[in-house]
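Order of writing sets the chain letters: A, B, C and D. Residues in each chain are counted from 1.
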Amino acid sequence: MDSSSLIVQFGQQLINGISLGSIYALIALGYTMIYGIIRLINFAHGDIYMVGAYAGFFATTMFKFSFIPALIFSMAAAGVIGMVIERVAYRPLRNAPKIAILITAIGVSLFLEYGGMLLVSPQPRTFPVLFESEVYNIGGMVINSQQVVILVVSLLLMVILTYVVNKTKMGKAMRAVSFDTEAAQLMGIDVDKVISFTFGIGSALAAAAGVLVGIYYNSIDPLMGIMPGLKAFVAAVLGGIGSLPGAMLGGTILGIIEALVSGFWSSTFRDAVAFAILIIILLWKPAGLLGKNIREKV
Amino acid sequence: MKLLQKTKSDIMALVACLAVYAIIQTLILTDVIGPFWQLNIVLIGINIILVVSLNLINGFTGQFSIGHAGFMAIGAYVSAVLTVKFQLPFIAAIAGGALGAGALGFAIGLPTLRLNGDYLAIATLGLGEIIRITILNISYVGGASGFMGIPRYTDFTWMFAFTVFTVFVIKNFIDSTHGRACISVRENEIAAEAMGVDTTKYKVLAFTIGAAFAGVAGSLFSHYFYIAHPASFTFMKSFDILTMVVLGGLGSISGSITAAVLLTFVSAALASYPEWRMIIYSLMLIILMLYRPQGLFGNKELSLKMLSRWTGGKKHGSTQGN
Amino acid sequence: MALLKATKLSIVFGGLRAVSNFNVEIAPGELVGLIGPNGAGKTTAFNLLTGVYQPTEGQIEFDGKSTVGLKPYQITQRGIARTFQNIRLFADLSVLDNVKIAYHFHVKYGLVESMFRIGRYHKEEAEIEEKAIKFLEIFQLADKKDEIAKNLPYGEQRRLEIARALAAQPKLLLLDEPAAGMNPQETQQLMEMIRWIKKEFNLTILLIEHDMSLVMGVCERIYVLDYGSIIAQGTPMEIKNNPRVIEAYLGEEV
Amino acid sequence: MLKTKFTKLVSIMVSGLMLAGLVAGCGGSGGQQADVIKLGANLEMTGNNATFGQSATNGAKLAIKQINAKGGVLGKQLTLVVADNKSEAAEAANAMQKLVTQDKVVAVIAPIASSSVIAAAQVNADNKVLAISPTASNPKVTVDPNTGKVRDFNFRAAFIDPFQGSVMATFAQKSLKAKTAALYIDNTSDYAKGLGQFFKETFEKNGGTIVANEAYLAKDTDFKATLTKIKSQNPDVVFVPGYYQEVGMIIKQARELGLTVPFLGGDGWDSAKLPEIGSATALNNTFFSNHYSPDDNSAAVKDFVEAYKQEYNQTPDAFAALSYDATMMVIDAMKRANSADPVKIKDELAKTKEYQAVSGLISFNASHDPVKSAVIIEMKDGKQTFKEKVNP
């Protein structure tokens, strides 16, 4: 293989990686927000993404919504479900050991997966084409419009979220709760409301990812959330869990690693290499790339 | 005097074990316990080994590990290679499986146990997956098809002997100065260091012992089901074990045993309702956690005192974070 | 020869010099106080001496050997035990187990002996139990040996922490604000107890206190720390009249 | 907490195991009721392969419903007892144990995955109950690799891997004139790996070159990285012996990347979902081996597809069809044996000759594998069309 085609191939793999990474990032944004505020690995997050995809699917097939209304419908539906889950399964355990909430999160995750299977059947559904995808060819490198849309949407959502968290009153409250829940309560912040709001936003983000992925890959099923959920969590940790730009960075890095490993070495070791790199990065920077390492005061 | 008492309680425990063994073995031989429940009793034993050994890491030493299925896989495959490819006796294969898993646990634990909390959790989860994916790519052990043609050596006797052995060894370990050192790491790492406890050493030690016993469980597992298959050792399996640990109570061996019996049993009982099985199971998890977030036994062991407190009213929560 | 000698000890946290040029010298059998206003770096100095932090520069010698670079547990094994300002007990364990853990590094039986309860296990465990109860008796906690540590009243938790530190059989005991949160009467009792254990166990003690008047009665020699540096040392009398010390404490305590 | 004695632990074990024993004692009484015959289904209801297992369950249920509507067998109604094997080999043995010893079924529809069938094989053999897998394609499913003997109580309704793999290799070389091929295999599926292995053997034996040997994992959604790599090797054909959900996405993404060469596959492709996921245009110039083609023996296929659609409001896939066939063949054997005795059913099933199933005209050979011809299907604008027929 000559060098110019190698460059083209490398460029194509970068495009593949970034487009895959932006999906991880989109899911990781919600993951990281929820972790940031109550330090919970919300294992059900990947399944909310699945629920969002199905909400989008039914909105377009049964109610004949177009893309934007379907997206909003799905985000709203998933947001509500996220808040309900928080209220029912997590809030009563807020003062319990973290690991207890983790187990309920696993319970909720299984419930959504298999409840979904019972409700909508385990058969994959094909997502209707909501907008035609155009394929652009740049010097042998191929990119399609859906990939661009996903990347733009995830960047946009990251910017909006960063704005919300840093500039708005609710964002201030969120940061306060994240920093010290008890102190925030004493300052008159309605902690329950803030946490509920965070779950709503986080779940809506997952739903957005679900709809976009449904359109992009064209196929959804009740177990579709397991692997992306896990990968998004890896992405969030990689970037520094609790950090919004970290989620974006971690997702992109993970996507690129996967693409390069599949493209230039062996696709069979793709996930193993991704996990190995995660571990190496954690050993080097224990709080992830953009995370803050908090030293315990002695 | 004290020594005598301790020896006496050990002898009593031994007698009780033998009695249980004799009763169940008789029931099996007389076909009162049918093959289906025999199988599930073996599964219960294997799960007890897994849960107690993970509890040593998560519950007693306070290190949040969710990669236990990986070590179980190592035990399953190493022992199968030893019996099938090298025709070693079963007991040697189990030892090999335990050594293999323990050695890997040591090699993995040394660097990763510097991490704590959720970071350690994701690292161990990743390591478990790395182990599984690696196995998936080794055609010598069957790759994706699994390692087939493993003889069935495990039976109720083997399982019972190793379950009792595991509980005995881990319980003794916990009750010794080494176990107390592990617990001190969980309770307060900085204070433990200040008391002269080499915290890194004890974290790695607990991790290694836990991994080795997971290897024992894996060996028993593959030599019962004729096959070792990568799909049996996914992170969902690790979650299953973790769930049992938490449900029983972090830092309670009797809790671990109870949870392993209970959940294996529930899973078997729900087998007749395949569509609803996972839904009922997941709801049960959520509800149990909502009502007993510290697990069935908290970090206590089952004792008469505890029973009376249960009937007597509220028990103050004894909880610790991860 | 000094038991503990720290020379030019400094540590920098993100550009901030928390402790700089810290020099102390403690002879065997002394009871020395380290005082200073809030935020002077007293606890940081303790953390340097016990290996929790590694000094940016400087030397620490204990019993004639350097301890720089050692981990906290290694320093404890060399013979320095400590308590913490914010009590760090093994909160969910019984009072007795708290003390037993301090014996850990004196125990000789190995892993296999513990797993199968053979060899030295029974004999040593019996010894540990006996010794631990003896310590609890000294600190009047023996009747509470089966209580969970976190359920003890505050004063008893403080006593338990000291008992635990002593159980490690140190040569030098570092006490970080042992009287914090105690009422005057409790403090008085505590000071008497400290004097007593020093004699009974032939100990050397270094004591942090924020409240100057407390240490005056008990310590033989006092170091004063301000903004990370030693600004004075001497007998309680000398310290009391040192103008720099008064200046440092001015506004703090009237 | 450190004080509690070992005895107490043991007492828990005692009570726990006693409880298990107690229930076992009570639970073992579920015998054969007089007026129904129980068939078992040991299938992947949960876990990674739940999609396939639930399809197969639907196929078996439909068969039983149809037979019952016609008055049942031997004057009795049939019921299907489904046990979940959680897509795990060990659990498959567990489920098999339950079906044959607790529920006392007379025959079992065995798991989808070969490894699960093999893990459970000893159990049904020990209890002398036949297990017929709809889809397990590994040769070891019916022949014990340790002894080289045929497993007396194991059957299958699917092709074995060597057959499909070599059929497609030959097709690629003879009909498509391919000199080079790339393999892209589902690394978690022994079915896909088996097909890939035999494709490779035949292709290389006949002078072809395998230029890329790549893999993906079930449930992956993004294949572009590996496809980019495959494209750079310029293969004449790409062999993707996976299942339709991933295959659809793979072909769609491959076409987007400009990889226009023919794609080939096996019966895992057979689903009406394939063109929906992959899009009709992308699927042009793709071929796969299957048991039947829609234009072929149309009566059996058409009836089945219609009945299935009516029942489940879905189009059946290969799993449903093969499981329907497996169930029907067992019932047919029961009729011929004129008995619900498990061993007699097994004996008759082994004698099955030219049974008209949905998936073709089936006879079992000596190793309990169906002898049926394969058809090669070409996808044309989203429609399956008959390309050629290959006899075994």
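FYI, contacts are C-beta pairs under 8 Å (C-beta built on N, C-alpha and C of every residue); 3 or more make two chains touch, one makes a residue touch a chain.
In this text the structure is predicted, and so the values were computed from the model without any measurement.
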| item | value |
| --- | --- |
| Chain occupying the middle, per Cα centroid | B |
| Pair joined by more contacting C-beta pairs (A-D or B-D) | B-D |
| Between chain D and chain C, distance of the C-alpha-averaged centres to the nearest whole Å | 70 |
| Centre-of-Cα separation between chain C and chain A, whole angstrom | 48 |
| Interchain centroid distance [CA atoms averaged], chain A/chain D, Å | 34 |
| Centre-of-Cα separation between chain D and chain B, whole angstrom | 34 |
| Multi-chain contact residues (two or more partners), chain C | 52, 84, 92-93, 97 |
| Junction residues of chain D, two or more chains touched | 1-2, 46, 48, 187 |
| Chain B: positions in contact with at least two other chains | 10, 136-137, 172, 179-180, 183, 190, 275, 278, 299, 320 |
| For the chain A and chain B complex, residues of the former touching the latter | 35, 39, 41, 89, 92-93, 96-104, 106-111, 113-115, 118, 230, 233-234, 237, 241, 268-269, 271-272, 275-276, 278-279, 282-283, 286-287, 296, 298 |
| In the complex, chain A residues that touch chain D | 1, 5, 9, 12-13, 16-17, 19-20, 23, 114, 117, 121-124, 126, 133, 135, 137, 142, 144, 213, 217-219, 221, 223-224, 226-228, 258-264, 266-268, 271 |
| Chain D residues touching chain A - in the complex, by the definition given at the top | 46, 48, 50-51, 54-55, 187, 214-217, 219-222, 224-226, 228-229, 232, 245, 248-249, 252, 256-258, 273, 276-279, 314 |
| Footprint of chain C on chain B - complex, ascending | 2-3, 6, 10, 169, 172-173, 176-181, 183-184, 187-188, 190-199, 205, 299, 318, 320 |
| Chain B contact footprint on chain C (complex, rising order) | 50, 52, 71-74, 76-77, 81-82, 84, 88-93, 97, 100-105, 107, 109, 111, 114-117, 121-126, 128-129, 148, 164-165, 168 |
